[in-house]
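Shared between the two complexes below is subunit A, which pairs with subunit B and subunit C, respectively.
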Partner chain A sequence: MDVNDKTLKALTTALNFREMRQELISSNVANANTPGYKAKKMDFEEALARALDVDGQMQMNVKDERHHTVGNGGFNNLEPEIYDDPNGVVSENGNTVDVEAEMAKMAENKLMYDALVQLINKKMGIMKYAINSDK
Partner chain B sequence: MDLLSSLRISSSGLAAQRKRMEAHSSNIANAQTTRTAEGGPYRRKEVVFGSEPARETFSEILEGELSENAQTVHATEVVHSDKVVYKHDPSHPDANSEGYVAMPDINPMVEMANMIEAQRAYESNVTALNVTKQMATKTLEIGRGN
Partner chain C sequence: MAIKDIGSFQQTLGTGDARGWSRKVDNDFGSNFDIKTPGLEGGNVENGKTFGEFLQDSIGKVNALQHDANIQMEKLASGESQNLHETLLAVEKAEIAFKTMNQVRSKVLDAYREIMKMQI
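Moving on to the complex of A and B:
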């Protein structure tokens, strides 16, 4: 088993993105009354799925080490997509933050974050078991 | 670390909403004030919010796209309304020769509604702060107990 394998990389990348999303949601909630502020949204799931390359459809052969890889090892080049939420309802002061929706998003984000931490711990537990299995 | 700037953003929201709360309670308290240090009746206060990027240092800005998108909030200015309403009350010590008193232009109902809005916004920032705190605590659990 490769210690620095895809699973652990994917988990830590996802953890990083969840932290960023929390920051963005905090920003939206804090600016719920700021005139002209536009609610921000962030997508990373698709980019992560591409990097994970679950079904092997998007694998590229890398002939030169300067080429970007899409499959394994592609985690370093991942960029989340951040944009103004197009579904925001514009209030009279030009603000598009929906606080209720942001709170729901935050609850979901926190649950997923906790799940990721648990998965990382499980993964480490398995590795530790493998290391100690001859005892 | 991103969670720390999340905390900073939420606390900026708390500070801004508290300033707004202060302005509205000051308005309610002074709804009948006719004498101020500047002279004349009390002028209604209103806090205006503005947003600014959450990251300030060069290395933080280098971190990427999020730097312009995650914004803290701050009270940019306190606006004083110049509006004064004249009330007919000849017995008032500050009444003019025709019996009219210059009173602050304050509607307690509007102030109460604004205060409730500020309170709710404050509460949602507290919730965001708590969630961030829980996430940070959870992070410390990585690698523990294996």
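Moving on to the complex of A and C:
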């Protein structure tokens, strides 16, 4: 039993990125009236999926202990992609923030964040249960 | 939380096998004690599995549920699936399976202790 296994790492990384996205959306909303401000967008799902490689398609076979594992568990240098949202409608002052859309994204983000926290709690809960169950 | 070393279970069950155990009891006490346990005698359960195999299968199932829950969680974390309910369901299933397995283990240990306390 690994306390910090792949799944837990994935959940933690996803939580970090969700928090980052929350800040990004907040700054978008805060700048909703700033002239010339371009709404920012952030993608981390694809990078995380690549690092996780759930379906095992990018993983190389490791048959010797001297082989390096490739395509598995590269969590350390994961970076989200942050870019100007190309779909934004430019208003007369050059701003592309759509406040309603940002609020919807924020709600979705919060939902997923809460769900991830709940999953971590559950996972840790099973471990705690296994440790505490004396007899 | 994978349950590793299921393979080594086979060894444990192979050496401390319930079949051999009941046979040993027969030898020690002669025919006075005619212990006939339907599940253990000859190691045959109705569906043709020995008790060891049955146990191993069950633990394997618990492990598979844990594995499935892990994969669902990874998929949710990486945005591959947006399926909150299915993920939570898989995790809940895995938790229940694990807790049930643990309870069975406690019961078995209780029974073992009870037998060890018995005066012969």
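One rule holds in what follows: the second predicted complex is superposed on the first by the 120 of 135 C-alpha atoms of A that agree within 3 Å, B and C clash if a C-alpha of one lies under 4 Å from a C-alpha of the other, contacts with A are read in each partner's own complex, and residues count from 1 in each chain.
Note that a residue touches a chain if its C-beta (ideal position, glycine included) is under 8 Å from a C-beta of that chain, and two chains touch if they have at least 3 such contacts.
From a predicted model like this one, the values you see are computed outputs, not experimental measurements.
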Side-by-side fit of subunit B and subunit C on subunit A, or clash = fit
Query = Looking at the overlay, does A:G125 come into contact with subunit B only (first), subunit C only (second), both, or neither?
reply = both
Query = What is the contact status of A:E45 with respect to subunit B (first) and subunit C (second): first, second, both, or neither?
reply = second
Inquiry  = Between subunit B and subunit C, which one contacts more residues of subunit A in the superposed model?
reply    = B
Task = Please state the minimum Cα-Cα separation between subunit B and subunit C in the superposed model, rounded to the nearest whole Å.
result = 13
Inquiry  = After overlaying the two complexes on chain A, where does the subunit B footprint on subunit A coincide with the subunit C footprint?
reply    = 125
Task = In the complex, go through subunit A and note every residue touching subunit B.
result = 15-16, 18-20, 22-27, 29-35, 37, 40, 42, 79-80, 82, 99, 102-103, 106-107, 110, 113-114, 117, 120-121, 124-125, 128
Key: subunit A partner contacts - residues on subunit C that touch it in the complex   = 1-4, 70-71, 73-80, 84, 87-88, 91-92, 94-95, 98-99, 102, 106, 109-110
Note = Within their complex, subunit B touches subunit A through residues 1-3, 5-7, 9-10, 12-13, 16-17, 20, 48-51, 54, 64-66, 69-73, 117-118, 120-121, 124-125, 127-129, 131-132, 134-135, 138-139, 141-146
Query = Mind pulling up the subunit A residues that touch subunit C in the complex?
reply = 1, 5-7, 10-11, 13-14, 44-46, 48-49, 52, 54, 111-112, 115-116, 118-119, 122-123, 125-127, 129-130, 133, 135
